[in-house]
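My questions all concern the structure below.
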Amino acid sequence: MSSTPQIITFNQMRESLYAAVVSDALDAAGYRSQSCAAPLTNLTGGASVLVGRAKTTLWEDLDHEDPEPYKLELKAVDSCQADDIFIAAAHGSNRSGVWGELLTTASRNGGCVGAIVDGFVRDTAPMSQMKFPVFARGTNVYDSLHRQRVTAIDIPVEIGGVTFNPGDLIIADADGIVVVPQKVEEEVIRAAWEKVHAENITRDAIRDGMSATDAYNKYGIL
Amino acid sequence: MSSTPQIITFNQMRESLYAAVVSDALDAAGYRSQSCAAPLTNLTGGASVLVGRAKTTLWEDLDHEDPEPYKLELKAVDSCQADDIFIAAAHGSNRSGVWGELLTTASRNGGCVGAIVDGFVRDTAPMSQMKFPVFARGTNVYDSLHRQRVTAIDIPVEIGGVTFNPGDLIIADADGIVVVPQKVEEEVIRAAWEKVHAENITRDAIRDGMSATDAYNKYGIL
Amino acid sequence: MSSTPQIITFNQMRESLYAAVVSDALDAAGYRSQSCAAPLTNLTGGASVLVGRAKTTLWEDLDHEDPEPYKLELKAVDSCQADDIFIAAAHGSNRSGVWGELLTTASRNGGCVGAIVDGFVRDTAPMSQMKFPVFARGTNVYDSLHRQRVTAIDIPVEIGGVTFNPGDLIIADADGIVVVPQKVEEEVIRAAWEKVHAENITRDAIRDGMSATDAYNKYGIL
Amino acid sequence: MSSTPQIITFNQMRESLYAAVVSDALDAAGYRSQSCAAPLTNLTGGASVLVGRAKTTLWEDLDHEDPEPYKLELKAVDSCQADDIFIAAAHGSNRSGVWGELLTTASRNGGCVGAIVDGFVRDTAPMSQMKFPVFARGTNVYDSLHRQRVTAIDIPVEIGGVTFNPGDLIIADADGIVVVPQKVEEEVIRAAWEKVHAENITRDAIRDGMSATDAYNKYGIL
Amino acid sequence: MSSTPQIITFNQMRESLYAAVVSDALDAAGYRSQSCAAPLTNLTGGASVLVGRAKTTLWEDLDHEDPEPYKLELKAVDSCQADDIFIAAAHGSNRSGVWGELLTTASRNGGCVGAIVDGFVRDTAPMSQMKFPVFARGTNVYDSLHRQRVTAIDIPVEIGGVTFNPGDLIIADADGIVVVPQKVEEEVIRAAWEKVHAENITRDAIRDGMSATDAYNKYGIL
Amino acid sequence: MSSTPQIITFNQMRESLYAAVVSDALDAAGYRSQSCAAPLTNLTGGASVLVGRAKTTLWEDLDHEDPEPYKLELKAVDSCQADDIFIAAAHGSNRSGVWGELLTTASRNGGCVGAIVDGFVRDTAPMSQMKFPVFARGTNVYDSLHRQRVTAIDIPVEIGGVTFNPGDLIIADADGIVVVPQKVEEEVIRAAWEKVHAENITRDAIRDGMSATDAYNKYGIL
């Protein structure tokens, strides 16, 4: 880890990076509002750090018979590709569980690595067994049929004050969900990588007895 | 008011009825969940009791360039008819002000008598001057353009736990918003009319010094 | 107003005192938590300052046929005496409107001067016409029948973190609701009376151009 | 699991059913509002699916010395029978922890299999060790003495918009809490049982690579 | 109003502009997040549109004896100048009423025209009589002494997701509170002025019977 | 455990006491409001019961360049002593993560045993591995730099309605956080110790089949 690699792969990010350090690198680059304010937590476990690219869907609530239920939802799930994260912008609606076991199983066929739902989900027990990370507001047993539906896919969506563009790099873990805008992606990931290294040195110094004040004065990190 | 008329017109309802007494009549008919639980208040004044039929629209939030902005919204506004109440089911979204002065002006051309918005509105000052009742969650200065849009019109929608079917009779005042299902409409309005009469007698007796206990024992009303 | 009277009557309090100055006097006496934290507002207007003694009732929600509906509620209303304020501790429940026009009419027969409801009420329009102050969380059109009921009267109750003992002096206005414990009532009301006088002098000095800093240094009041 | 048994026992339900599939069967039977909207979660672990019949209690808050503390609460706990689930309708009050270790121990003597509390509980650590499932809003260290009490037992109660009648069948797991009305109990449990079987076939097909779209077109399940 | 003046004065803004039209002009300039998301309302009436420049203060909660109470608060109030709006960034704290009658009186000596408080205030009745607009979350009777205090003045502060820099132009009315960044101030105010003119034409056309669809197609405004 | 020791050490408290029983002892001593009402949970695991003395810090939000970032925060961390619990009174602000891995490492050098944060934290994964208990509202990935800062240390602070004085004894576990005022500390801890013993006898009796009613009548404990 002493020198930064030329190209940092998804698997290298999963091993070394985490949401807080990427957020610090975004801060330093002047992007201070890239973390979702919505109360989403990882309900199913799985990877300690979820890294991938946004596959976006927009949802709406309804209260009438939907003539074509599930249509766009199925299209989105079946078009997932390697390292995609399924993004469901459902505006926090608690009307049904919009993601579940069968969608997980199908999306993984294409290479989907997790789901971020600004809403509620169901089938959390089998999804936990599948070690598929699902960030959501909570659980809801109701089927989405005639309660919620996808109205658009592969467009920019907003969750918790942050825009997720299709293909944006996402880093999510127990501390939060961070979106990296594409035009600073390379610079930010490189800076985060280097900050991880510097933090390790600082932590070791403190663990060896250095005070926080001295460590901050010496390394400039907290 | 001593005998109930054969047909009770909208204007008669506006003079004699109010939301609480219609709710009591619905209770007595076994419909105990016909009042919106959403925190909507009349932000613009106007009629003390808003009575009319539901003209429904369904809204969604978005965060991308809408290729056909305002399309269904304009269609809904321009198709309003006499005694319609514009119903905007926007799921409580605080993303923009979805109703305002120009929409009010246009909807009134067709005979629209008020708006009920499960969301936020703007231009409250001119709408107050127009004495057009607008029930909503609050105000938001943002234009709805690329923030919210209508996705369906003239379908059943849900606000605060109650379904508004197109054409349903609505009674709304400072106490709340009540929806009368069409199959019991005639029976419920008649019963409410009669209860208003009985309440007047009870109130007079109490005002003349009768205790609440005695009045309830004698008239069975509280 | 230059010298404090020996005995300060309810009507004198209504003319000269207000909630904030009584709260300041309670602060000075070491009682720093005597204002309700619950979001209650005066929904019906009436007196600009409501002053009286607590007539307490405790409420519960229910969802079954109540064999003796309204029983204790009627007893409480019919036993109200001069300068009583009806206190309904309903734990903020939005299940029905627990206070309304007929109860207002009946309670006024005994001398009740207002109501403070930690819950919701209905019939706000006629109660406004009666100029009867009702502080509550909001409005709800549902009748309380089989939804909420009184389970005890004339006992200590808690609203928004403050205990209301039967007979406690209450001062409520647009700024909030303050409860004066009986053992410091005389001392606190006297101190509030004197602070009103001192504030008038300070305000006049500032209005004449004195800076806030100079006024505070000179009079010690803000 | 290939053919549905004549009678489905509680233990068979615990092995094969879960809340979401029972909710889907209720949906299909026209019961679309049988899941609690209150934010209750299983705080103590234990059975992955809690199945039993409702033993109901109604609670109220108080702020005065209770002359007969615990009276009805003890009666309810001591009258629990095999496969009962203790239901505490406390209206979400965060005034104390109304359920705890000693009540758990006592209720299990009669055969109680879990507790659903629309409120807060304490002693979560020992209840976790006892593997006794407790669904609640959260934890509160305060004793219920003089803070909350039971006012009625074995009557219908409401939690999160759903009525729990005494004896109603309850299915609760990580996804939510579902109440099955008695008049459709047999039909709904049978339909849920059959849907579990069909879902297994669909899941296997998707896991073998079938797209979600094809699977839905073929099996009609999502 | 037919041609835009070279320089638009504060008084001209107060007569012709309002928050929604300024927000639309900011939208068009690419500033789509300049309206406070905090739930602040005008509690005291006064000017229908509040226009001025931000005089900022930062507040914190405390729970200990403050050795220098009111110090920075008095300094800020006494340094207010013509057309200033007092901005109190108190993070929504409901710990006391941080603004009141004496501060209003003193700040007006320097020319302050209103207050925007992300927190709570008291003395609403006399401030209403003074026609001094105060936007806040609500009312709280407690004195700020030893409960809240100013920790910095004349620095950038954040309310409801928007940064208020010292001197920023503020437009606030019943629809919301809009902050105009200084580098686009001239352009945005000019564009708003012109939009008001165009809206008047559109409104008149609709009022004369043109449908909303036709008006939007012709004038491009909604 | 049959007889109470003369002096009860921190380690003995950690082995035998828990928050609920200490709360009951405080209740009996007339201290009925010593538990935090703020929704803080243990996000990192570690000790099942956290026992120590309050090391207090007061935080404020900011939105400007802080000329001396981290200054008081570092001072507080570096002055932690054996059995201290770091208390961060940040008023529930969700503006950043105010506590994290490096602060944990440094505070442990002095003997700090846990942190209670009325706000949000980050680096939950490494803090969990360190088995360092952190009670907080949730997680937030943002660095506190220029977002939040410490403004005072070693003063009384308030969290969730309870005052934490420097040096106060704290007992925190999954049920809640309890503060023991110093003047009743010895008496309360002794009473809690004895109640644990009595509860064990009661629990054993119930486990052996005694009804809850009989056990309560015999032992007076529930």
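Descriptive notes on the structure:
As written, the chain order gives the labels A, B, C, D, E and F, with residue 1 at the start of each chain.
One rule holds in what follows: a residue touches a chain if its C-beta (ideal position, glycine included) is under 8 Å from a C-beta of that chain, and two chains touch if they have at least 3 such contacts.
As the structure is a prediction and not an experimental result, all values here were calculated from the model.
Chain centres here are means of the Cα atoms, and by that rule the chain farthest away from chain B is F.
Chain centre most remote from that of chain C: A (centre = mean of CA atoms). Think of it this way: of A-B, A-F or C-D, only one pair shares over half of the A-D contact pairs by residue number, and it is A-F. Remark: among chain pairs B-C and A-B, B-C carries the greater number of C-beta contacts.
Note on chain placement: the centre of chain B and the centre of chain D lie 36 Å apart, centres being C-alpha means. Our note on geometry: chain D versus chain F, Cα centroid distance of 32 Å, whole angstroms. The geometric centre of chain B is 49 Å away from that of chain F, both derived from CA atoms.
Shown for chain E are the residues in touch with two or more other chains, of which there are none. Pairs of chains meeting the touch criterion are A-B, A-D, A-F, B-C, B-E, C-D, C-E, D-F, E-F.
Listed in rising order, the residues of chain B touching chain E in the complex are 70, 74-75, 77-78, 94, 97, 100-103, 105-107, 109, 122-125, 138-143, 145. Taken in their complex, chain D has these residues touching chain A: 18-20, 23-24, 27, 32, 35, 37, 39, 48, 173-176, 178, 199, 202-203, 206-207, 209, 211-213, 215-216, 221-222.
In the complex of the two chains, the chain D residues touching chain C come out as 58-64, 89, 91, 93, 151-152, 155-158, 163.
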